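Structures are listed in the sections that come next.
Across the two complexes that follow, chain A remains constant while its partner is chain B and subsequently chain C.
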Partner chain A sequence: MDSFYGLMTLLITAFVIPVVSLKTEKLAPYIAVASSFVAFILSTTTAFTVFREGIQVQQMEGWPAPFGITLAVDHLSIIPILLVSAVGFLVILFSFRFISRRKTEYYSITLLLLGSLMGVLHTGDMFNLFVFLEISAITSYILVAFKKEKESIEASIKYLIINSISTSMILLGIALLYGALGTLNMADLALEMSAISDTFMPISMGLILSGLAIKSGFVPFHTWLPDAHPAAPSPISAILSGLVISVGMYAIIRVSSTVYSSYAVVFNMLIVLGVISMTVGALMALMQHDLKRMLAYSSISQMGYIGMAVGMATPLGLAGGIFHLINQAIIKSLLFLCSGVIIHKAGTHDMRKMGAKFSSFTAGVFLIGVLSLAGLPFFNGFSSKLLIYIASFNAFPLLTVIAVVTSAITAAYGIKAFVLIFMRNTGKSSITGMPLTMQIPLAILAMLCILLGIIPGIGESLAGFAVSNLNNMPYIRAVLGG
Partner chain B sequence: MDFGTTLAAFGITICIMAFAWRASRRVAPGRRSKGKESMYACGEKLGIADSNVPVESFYASIANAARADRLRDAHNGSLSRYLTWVFAGMVAVMAFLLLLG
Partner chain C sequence: MLVYVISMLMVGLGAYALMLKENLIKKMIGLGIMSNGIHLFLISVGYKIGGVAPILKQAGLEYLATHSVDPVPQALVMTSIVINISITAVALSLIIQAYRKTGTIEADKLRSLRG
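Showing the complex of A and B:
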C-alpha cells in the first residue's frame, strides 16, 4: 500500500525539518514541497491499485486483525486520500512564498497535520482513528494561533476548549464500545454489532457522532469554526476548511456505514443536522463583512449539504454527498488561498474597505470559486448539487426546496463578496503581480472547478466508485479474511 | 469514455478555442472607441457610481426576511454560550438516537 508510505513520509519529514533547520531554515519549504509531492504520487499509485484490485489491507507487524493495528484503504477512503494529498501539496506550494517567517515551525506542523489526516483515512480501528483525530486537532490549535495575535490566540483557545469536549465524547463512546464488545477493529465491531442489542449502543453512537459533528462543524456544534478558520494564515484556513472538516465528515460516514450500519436512525440525524447547518451557515455568511469569516460560515453551509445528502442513505444521495465533499474541498481551498492574496494586498479582512485594484488573475480565479460555490451550471458545484437535488427530491421534496433556496443565498453572498472586493474603484493603488508558486496552485484549483463542471462524469464516476462498496461485508471480509 | 479521452478532448477544445481567438484578433484587431466604452442606461448618462447596486444593503432584505439578525446576535463570541450550544446539541442528538433508535 503505497499511500501508507506517503503517510509515513509526511510524518517523518515533519520531524526532519526542525533538525535540518538547525543549520539553515531556507531548506524547510523545499523539503515540505518535496515531501507532500511524494505523498501525492504515492496516493495516486494506491488509487490506481484500489481501482484495479479493490480494497487494500495492511496488518502492522504481521499481527492479524482484530488483534493488531489494521490499515485499510477501500473505495470510500481512497477519494479523500487523493484529495488530502493533492490539496495538501498545492497548499504547501502556495505557502512557499506566502510564509516568510517561522518557516520551520510552519512547515513541520503543517506536514504533521496532513500526515494525521492521512492517518484518519488509513486506519481500520477506532482507537487509531481517535489518535489521528487528536494529532490533527493539536496541530490545528498551533496553526490557528500561528500569527500570535490577540484574535488568533483567542480563536485557538476556543477551538481547543470546544474540541476537547469533542475528544472526550469520542473517547467515552469508544470506551463504551470496547466495554460492550471487547474489540476496537472497525470490521470486527461491525460483525459484533449485528449480533448484539445493547442499550449502551445508542449512547456510544450519540457520543461518537456528536464528537465528530464538532469536528465537521455541524450546527449547533459549529461555534469554534467561524473564529478559528479566519484566524489562521490563509493556507492553513484552506487546509482547515477544505480538508480537516471534510475528513471529520469522512469519519462520520465511515463510522455510520461500517460500525453502526444497522442503525438507520444515524442517517436521519444527519439529515436534520445537515438541513440546519445548510441554512444557518448560509444566512450567517450573508451577514458577514469579514471575507474569511464569510468563507468559514460558507463551509458550515456546504457541510450541511453533504450531511443532508449522505443522510438520505441512497446510492444517489451518497454519491452526491461524496462528490460535493470533493468539490467543497477544491472550492474552499481556492477561495481561502485567494483570500490570502486579497487580504495580504488590501491589508484588511473587511470587504467594505477593500477598494484597491487587483490583478485580473486574482479576480478571475476568485470569480470561478464564487460561481462554483453558488452552484452555477458549467462549474463543479452545480454538478454535485444537482445530484443532491435529485436525491433529495426522490426522498423528501421539501428538502430540495430548502437546498435550492440556500443555494440562492450562497450566490447572493458570493456575488456580494466579488462586487465589494473587485468591482468598486475607490481610487486606491493598483495591485498586480503574484509569484508563480502562488499562481500555479490557484490556477490548478480553478481549472479543476471548471473541469469537474463541464465534464461532471469524472466526479460522478469517482463518487460512484466511492459508494459502490458501502455494504460493509466486502470491507469486513478484506480486513478479517475469510 | 475513459478519463484519458475526456482529458484529451478537454485539451483539444482549449487549443481550438485559443487558435480561433488568436485568428480572430488577426482578422479584426480590437480597437478602442468612445462609443464602446460609454455608459448607456435608459437614455440617461449615468456615472459608474450611480449605476452600481448598493451591495452592502442590497442583500440585507434576505437577512431581514429570515430574521437572521437574531442568529447573528447569538454568535457573539461568548465561549460560555457556545459551550451551552454544544451541550444542547449533544443532548438533542442523544434524545434523537435514544427515542428513534
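Showing the complex of A and C:
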C-alpha cells in the first residue's frame, strides 16, 4: 500500500523540518513541497491499485487483524485520500510565497496536520482513528492561533474548548464499545455488533457520532467554525474548510456504514442535521460582511448538503454526497486561497471596504469558485447538487425544494461577494503580478471545477465506485482475512 | 459498580466546569477532570479484582485467561494521557498569549467573537 508510505513521509518530514531549520530556515518550504508531492504521487498509485485490485489492507507490524492496528484503503477512503494529498500539495505550493515569517513552525505543523488527516483516512481501528483525530485537532488549534492576534487566539481557545468536548465524547463512546464488545477493530466490531444487542450500543453510537458532528461543523454544534476558520492564515483556512471538516464527514460515513450499519436511526439524524445546517449556514453567510467569515458559513451550508444526501442512505444519495464532498473540498480551497490573495491586496477583511483593483486572473478564478459553489450548470457544484436533488426528490420532495432554495441563497451571497469585491474599482492601488507558485494552484483548482462540471462522469464514477462497495461485508472479509 | 458511578460523576463535573466556568484556567482543570473520569472508566472496564499482570512466563495460558487484567485499556489510557498533556500544554500557552494580549482570562470578558 503506497499511500501508507505517503502518510509516513508527511509525518516524518514534519519532524525533519525543525531539525534542518536549526541551520537555515530557507530549506523548510522546499522540503514541505517535496514531501507533499511525494505523498500525492504515492496516493495516486494507490488509487490505481485500489481500483484494479480492490481493498488494500496492511497489518501493522504483522499482527493479525483483531489484535494489531489495521490500515485499510477501500473505494470509499481512497477518494478523500486523493483529495487530502492533492489539495494539501496545492496549498503548500501556494504558501511557498504567501507565508514569509516563521516558516519552520508553519510547514512543520501543516505537514503534521496533513499527515494526521491521511492517518484518519487510512486507519481501520477505532482508537487509532481517535488518536489521529486528536493530532489533527491539536495541530489545527496551533495553526488557527498562528497569527498571534487577539482574534485568532480567542478563536483558537474557543475551538479548543468545543473540540475537547467532542473528542472526550468520542473517547467515551470508544470506551463503551470496548467495554461491551472487547475489540476496537472496525471490521471485528461490525461482526460483533450484528451478533449482540446491547443497551450501551445506542449510547456509544450517539456519543461517537455527535463528537464527529461537532468536528464536521453541523449546525447545532457549529459555533466554533465561523470563528476558527477565518482566523487562520488563508492557506490554512483552505485546509480547515476544504479538508478537515470533510475528513470529519468521512469519519461519520465510515463509522455509520461500517460499524453501526445495523442502526438506521443514524441516517435520519443526518438528514435533520443536514437540512438545518444547509439553511442556517446559507442564511448566516448572506448576512456576513467579512469575506472569510462568509466562506466559513458557506462551508457549514455545504456540509449540510452532504449530510442530507448521505442521510438518504440510497445509492444515489450517497453517491451525490460523496461527489459533493469532492467538489466542496475543491471549491472551498479555491475560494479560501483566492480570499488570501484578495485580503492581502485589499488590506481588509470587510467586503464593503474593499475597493482595490484586482487582476483579471483573481477575478476570474473567484468567479469560477462562486459559480461552482452556487451550482450553475457546467460547473462541478451543479453535477453533484443535481444528484442530491434527484436523490432527495425520490425520498422527500420537500427537501428538494429546501435544497434548491438554499442554492439560490448560495448564488445570492456568492454574487454579492463578487460584486462588492471586484465591480467597484474605487481604489487606486496598482496591479502587481502574482507569483507563479500562487497562480498555478489557483489555476489547477479552477480547472478542476470546470473539468468536473463538463465531464461529471469522472466524479460520478468515483463516487459510484465508493457506494457500490459500501456494503461492509467485503471490507470485513478483506480486513479479517477469510 | 461504584467505580463506574465515580467515573461518570467525574465526567459530569468536568463537563460542567469546562462549559459553565468563565475562568479559562478553571475550564482547563475541568477538561483534565473530565478526561481523567473517562480514563478511570476505561481502566475499570478491563480490571479484575485480584487480577495478575498478563505475563505468560509466570503462569499457564488458561490461568491467565481467567485471572489476568486486560492490558489493552491500559495501553489506550497511556496514549490518551499523552494526548491530554499535549492539549493542556497548547491550551495553557494559548491562555498565556490571551492574557498578554487582553489582560484577562475570563471567557466572558474576552469574548469579542460572535457565534
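Throughout what follows, the second predicted complex is superposed on the first by the 480 of 482 C-alpha atoms of A that agree within 3 Å, B and C clash if a C-alpha of one lies under 4 Å from a C-alpha of the other, contacts with A are read in each partner's own complex, and residues count from 1 in each chain.
One rule holds for everything that comes next: a contact is a pair of C-beta atoms (placed from the backbone, for glycine too) under 8 Å apart; a residue touches a chain by one contact, two chains touch by 3 or more.
None of the values given here were measured: they were computed from a predicted structure.
Colleague: Given the touch rule stated above, what does A:Ile245 touch, chain B (first), chain C (second), both, or neither?
Modeller: Neither partner.
Colleague: Per the contact definition in the header, classify A:Thr223: touching chain B only (first), chain C only (second), both, or neither.
Modeller: Once the two structures are laid over each other on A, A:Thr223 reaches both partners.
Colleague: Does chain B (first) or chain C (second) touch A:Ile161, or do both, or does neither?
Modeller: Both chain B and chain C are touched by A:Ile161.
Colleague: Of the partners chain B and chain C, which touch A:Met186 in the superposed model: first, second, both, neither?
Modeller: In the superposed model, A:Met186 contacts neither chain B nor chain C.
Colleague: Which partner does A:Ala296 contact after superposing on A: first (chain B), second (chain C), both, neither?
Modeller: In the superposition, A:Ala296 touches no partner, neither chain B nor chain C.
Colleague: Let me test your reading of the model: by the given contact rule, A:Ile31 touches which partner, first (chain B), second (chain C), both or neither?
Modeller: Neither partner.
Colleague: In the superposed arrangement, which partner chain does A:Ala412 touch: chain B (first), chain C (second), both, or neither?
Modeller: first
Colleague: Determine, for the superposed model, which of the two partners chain B and chain C contacts more residues of chain A.
Modeller: Counting residues of chain A touched by each partner, the higher count goes to B.
Colleague: Between chain B (first) and chain C (second), which does A:Met205 come into contact with in this model arrangement: first, second, both, or neither?
Modeller: In the superposed model, A:Met205 contacts chain B only, not chain C.
Colleague: Thinking of the overlay built on chain A, is A:Val280 touched by chain B (first), by chain C (second), by both, or by neither?
Modeller: In the superposition, A:Val280 contacts chain B only.
Colleague: Determine where on chain A the residues touched by chain B overlap those touched by chain C, and list them.
Modeller: Residues 158, 161, 165, 223, 226-227 of chain A touch both chain B and chain C.
Colleague: Inside the complex, what are the residues of chain B that reach chain A?
Modeller: Result: residues 1, 3, 6, 10, 48, 52-53, 55-56, 58-59, 62-63, 66, 68-69, 71-72, 75, 77, 79, 82-83, 85-86, 88-90, 93-94, 96-98, 100-101 of chain B touch chain A.
Colleague: If we count contacts the way the header does, which residues on chain A are in touch with chain C in the complex?
Modeller: 127, 131, 134, 137-138, 141-142, 145, 148-151, 153-158, 160-161, 164-165, 168, 171-172, 175, 178-179, 184, 223, 226-227
Colleague: Sort out for me which residues of chain A touch chain B in the complex.
Modeller: Result: residues 158, 161-162, 165, 169, 202-203, 205-207, 209-210, 213-214, 219-221, 223-224, 226-227, 263, 265-266, 268-269, 272-273, 280, 283-284, 286-287, 352, 409, 412-413, 416, 419-420, 423-425, 451, 454-455, 457-458, 461 of chain A touch chain B.
Colleague: Report the residues of chain C in contact with chain A in the complex, numbered from low to high.
Modeller: 11, 15, 18-19, 24, 27, 31, 34-35, 38, 41-42, 45, 72-73, 76, 79-80, 83, 86-87, 90-91, 94-95, 97-98, 101-102, 107, 110-115
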